[in-house]
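What follows are several structures.
Same chain, two partners: subunit A is paired with subunit B first, then with subunit C.
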Partner chain A sequence: MNILISRLAQAATVALLVGAATFAMMRSLPGDAAWRIAAGRYGYDNVNTAAADAVREELGLGGHWFPAFMQWMGDLLRFDFGVSLVSGQPVIAEIGHQLGASLWLALAAIGLSLLIGPPLGILAGLRAGGWLDRGLLVVSTGVKAIPQFLMALILILILSVQLGWLPAAGYGAGRHFILPALALALGLAAVNARIARDAMASIAAMPFYQFAQWKGLSRRQVLWRHGLRNVSVPLLTYLGLQFVMLVEGVVVIESIVGWPGIGHALVHAVFARDVPMVQGTALMLGLGFVLVNALIDLAVARIDPRGAR
Partner chain B sequence: MTTFANSLPLNMPLGRAMGAMVLALVAGFALLGPVLVPGDPFAQSLMKSLAGPDAGAPFGYDHLGRSLWHRLAHALRLSPAIALAAVATAGAAGLILGTLAAARGGWVERLLVILADALMALPGLLLVLIVLAIMPGTALGFWAGLSLVLWVEFFRLTRAATRATLTSPAVQASRLLGFRAAYVFRTHLWPEIAPLMLTAAAFGTATTIMGIAALGFVSVGMRAPTPELGLMMVELLPYWREAPMALLTPVLATFTLLLGLTLLAGGQKQ
Partner chain C sequence: MTLLQATDISVSDGATRLLDPVSLRLEPGEPLIILGETGSGKSLLAQAIMGTLPDSLDAAGQVSIGTRHLRAGADRAAFRRLWGREIAVLPQEPWLSLDPLMRAGAQVADAHRLVRGLPRAEARQQASADLAAFGLGGAAMASYPHELSGGMAQRVAIAAARAGGAPIVIADEPTKGLDAARRDDVAALLLGELGQGGGLMVITHDLALARMIGGRLIVLREGAVVETGMTADVFANPKAAYTRDLIAADPEHWPARETAASVGQTVLRAQGLTLSRRGQVLIEGLDLTLQRGRILGVTGPSGCGKSSLGDALLGLLPPDAGQVIRAPELAPTACQKLYQDPVAAFARKRSLGQSLADVARLHRASAGQIETLLARLRLDPALLVRRPDAVSGGELQRLALLRAMLARPRFLFADEPTSRLDPITQRDVIMMLAGFAREEGLSIALVSHDAALIAKVADDMQQFAQPRPDTAGLRDSGKTMVA
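After this line comes the complex of A and B, so read on.
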């Protein structure tokens, strides 16, 4: 119960911060926001003072800041994000459309990373100091030093341009998933593997684990019954924290491979000063983090009841 | 976290020493490179577009005929400089606020923790993008945005370490003997916090450099003529078939820099 209350406080603060930050952004943008928005709507060649004035009138861009701020936060609390300044569509509809694409990409990346990282980490942790362990340390240190966009670049050059196996960019078919998901998954797996390895090594050294082996269970049975559940706790907790890293990765990778997701939309919204879109996407991502971590808190409490206070 | 006893050969001392060496090499190139071979990172000469190395440009030329040696050296000054400034600011803020929260407790602590938790829920690059849109000047915006993102980690570390240390018998004895807060901080708290701060600072610097490069690569970071790692990569990407070495130069430099920082951080702790 305590967990949920602190997560609720976190969610409320996130909303407040996002609201204040985007309001400040709206207010203090250098240059004439009306011109920028008009340019976003009608194209840079078709803007004139009349169009900019019309936009200023319509959006109420003049006036004192305080009533505007109260109104801004009021709208936010009612989940009324307004309409995109550029496309004129309701922000909720736009986000709902883009969130799906990003969600699938993120899920594919996490799934792939879990297939690659933890199994290697567990094998390495079972024989700490062995050749697999050392090799994994070197490889994961190297992979961690490759930024996600660079990983995407390398994969695009090797897999799609040189070998021609996968499309370099695009969206729609299943094969478009592989490259961006792999680019994200390798970075996640490098860290997953280390977490799993450390957890496995410390658990395998514990008396209860060795007792399980002495009493005659096979290695597989010991791992299955006594090892995996313990390893899953730090792995799950870390996965929740990694969510932010994943979202950042998604933002960058989507821009590179032209994925019509929330990150792509966010970068364009920042570019065009489409503040309602920035606010909506930021709020969605922040609350998503809180939700994911609340679920993980509950799951961890289920898996490992010792920590419950 | 876990036992280091059965840990690995590449671990602490050796890994850290290697990391420091790699970083010294990179810093040496960035600072001394343009001194050894004088030149201008902005001077164009379309006759030399994508040409190979010569005496005036040991790494060859980019698509506009600018010397890659000099562009790389300046790029390797820019991102680390922003990163170090942001990490220093964030580290100082995190240290002060973290100690304050742990020492005071009560509402101060609760408010700071709630603020830190909320900031942690927001993707760092998003905050940086918003601050970049508000602040004038890209380097200044990067510094402010990244400091805003990074202080949370220092705050959490300092608060956790300080809380544990403040309840220890040593500190209680020290307080009973009448020593002031400054003395307690210097003799009891700082030795606990310092090693954590080094690791966090190395990770923070790496994250920052990655972030600046990533935003440069998707063209929302530094602006065009500035030599910046991500920007150089995206500029040279269209010519990768004609001049693979030109593209590889910033790629390898970024990788080396980040590898050095990862090794310096000690690899293990997150």
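After this line comes the complex of A and C, so read on.
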């Protein structure tokens, strides 16, 4: 219960900060913002004073900043994100369309990273100091050091250009998923392999791990019944933090492979000074981060009852 | 029929022999006790028999269980198959031996299901019956280890270890750090396990536990067998000089001290003292007088506030209510503390001589004073060039006592100062401590979980009760997590 309350407060703070920041951006657009927005909306040929005034009236650009700010935040509170300055479509509809694409990409990336990282990390942790452990340290450090845009380019060069196995860009079919998801997953896996390795090594050295074997359980049964359960707690907790990395990655990777997702949309909105879109996407990413962490908190509380008060 | 026979078990670390060849037999219904102090090789012997020695050590000898003959230090996989099925190993620290994320019932049921191959529902029923047999009600099944008290955790761990149906039980230091009441409890549990003609092997340094378990006894010292025989006979009539010393060092056998002057001058006085830690009241409205030349024995189960009382008397913990009144002539450094773990109480990277010289300079004590105290505490001055980890625990605790005495204390709070020492060293340290009370008029508060020890040396007693069970579990869980 406490988890939900604190996460709700966090969500409200995120919304407030994003709202205030985008409002400030809106007010400080150079030139007559009303004219620019009206131009964006109706096309430069169709803009006249009446249209600009209508925009000014609608967005409260004329008067004092405070009532305008209150109205801006009020709209936000009613989940009214306004209309894209570029497409003229309601922001919420645009985001709803893009969010799905990004969500699938993010899920594919996380799923892939969990298939790659933790199994390797657990194997390395069970034989701490062995060849796999030492090799994994080198590889994961190396992979983590590669920026995501570079990783995507390397994969495109190898998998698309050289080998011709996968399309370099595009969206729609299942095979389009593999390359961007892999580019994201490798960076995530490099880190969660380390987390899993350290957790596994310390858990395997604990008395209860030895005791479980003394009860008569085989190595595999002990790993299955006690090892994975205990490793999952730090791993899950860390997954929440990795979400930040993932958001950052989504913005970069989507732009590189032309993925019609929320990161791609954010970059375009920034270039086009489409402030409502910037607000909408930033808010979605921020709230998504809070939501993911709330879910992880609940999951961890279920697995590990010790933290519960 | 012999349950287990070990022949010429020896353990070595490279070229260094840690345990000379030992042979033993475990008969049904007759417990076997391996008695020895830290470093005697008793745990190595047990580990070699169970097949749990670390890879870095070599073992030799043969272990026979039923029709199986295994080579100690080899046949690791074969030893593994014995665990749970032939040999049940009871853990040293039950709390740390239970998976913190799994309910107690499941940890017992696991062994029934995965080792004995019972179906899931039946395994659960059996686990529930096991716990009930130990007096643990239905709530224990669904409890997590941090919700159990130490005694409950111990029962769950025993039930889990025994679930595989092994006829032989090996318990390694089952009473480590327990107070007298819990120790008796564990002895009764272990003897109960023996009931149906099983085998029981107990590795311990605890004389009282050995006496309660009975059966046969093997006394080990520095990796060699000193004496063997029936436990009762050895205790009644020890043959080896070391065994005699060991038994005489048991606080039960200490000579009674002459009593101190009936009323001494008051050094410290506590009035209506109420103390709490992390919002929990530990001590309420306590009145206490510490007098010159007298020893106050402080006993009570762990977590009852003994150490907090010490901190309050030393002025380190502000009381919630009441006050600690120091005699007006007391210097600010006249109240000193002797810590439980001397290794942690010395700077690791400095030689002991340097550490002591620093303290002597601070308190303007002469170099001659260190020498006088060294002689008095029967310490070799050559130890001073060493670092804290290169001397024995008994030597280090005496050096810690020396260091405290350099400050010319009038009051010394000794917090379980001998709980990590073997019985002979414990007696020496306690007698030296008591000597300072008698001869220098030092007032001492001596904390111990050993009621017999306190009964022998203390002039006055302060006994704390068992904390309430509902709160005990919570506090103890905090401790486990720190560990």
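The definition used in the following text is that the second predicted complex is superposed on the first by the 275 of 309 C-alpha atoms of A that agree within 3 Å, B and C clash if a C-alpha of one lies under 4 Å from a C-alpha of the other, contacts with A are read in each partner's own complex, and residues count from 1 in each chain.
We take it that a contact is a pair of C-beta atoms (placed from the backbone, for glycine too) under 8 Å apart; a residue touches a chain by one contact, two chains touch by 3 or more.
The structure presented is a predicted model; accordingly, all values stated were derived computationally and were not measured.
Superposition of the two structures on subunit A shows subunit C fitting alongside subunit B with no clash. In the superposition on chain A, A:V191 makes contact with subunit B only, while subunit C stays out of contact range.
Touch criterion met: A:F211 reaches subunit C, while subunit B stays clear of it. In the superposition on chain A, A:H226 makes contact with subunit C only, not with subunit B.
In the superposed model, A:L266 makes contact with subunit B only, not with subunit C. Once the two complexes are overlaid on the shared chain, A:L112 sits clear of subunit B and of subunit C alike.
Set against each other, subunit B and subunit C touch different numbers of residues in subunit A, with B touching more. In the superposition on chain A, A:L126 contacts neither subunit B nor subunit C. The gap separating subunit B from subunit C at its narrowest, counted between C-alpha atoms of the superposed chains, is 7 angstrom. Contacts of subunit A with subunit B, set against its contacts with subunit C after fitting on chain A, share not one residue.
Listing the residues of subunit A that touch subunit C in their complex gives 206-208, 210-218, 221, 225-226, 229-230, 233, 303-306. Those residues of subunit B that touch subunit A in the shared complex are 1-3, 6-10, 114-115, 117-127, 129-130, 132-134, 136, 206, 210-211, 213-215, 217-218, 220, 230, 233, 237, 240, 251, 254-255, 258-259, 261-263, 267-268, 270. Those residues of subunit C lying in contact with subunit A across their complex are 50, 52, 80, 83-85, 88-89, 91-93, 96-102, 110-111, 114-115, 144, 146, 157, 160-161, 163-164, 166, 477, 481.
Of all residues in subunit A, only 6, 9-10, 13-14, 16-18, 21-22, 24-25, 28-30, 128-129, 133-134, 137-138, 141-142, 144-150, 153, 157, 191, 194-195, 198-199, 201-202, 205, 238, 244, 247-248, 251-252, 255-256, 266-267, 270-271, 273, 278, 282, 285-287, 289-290, 293 touch subunit B in the complex they form.
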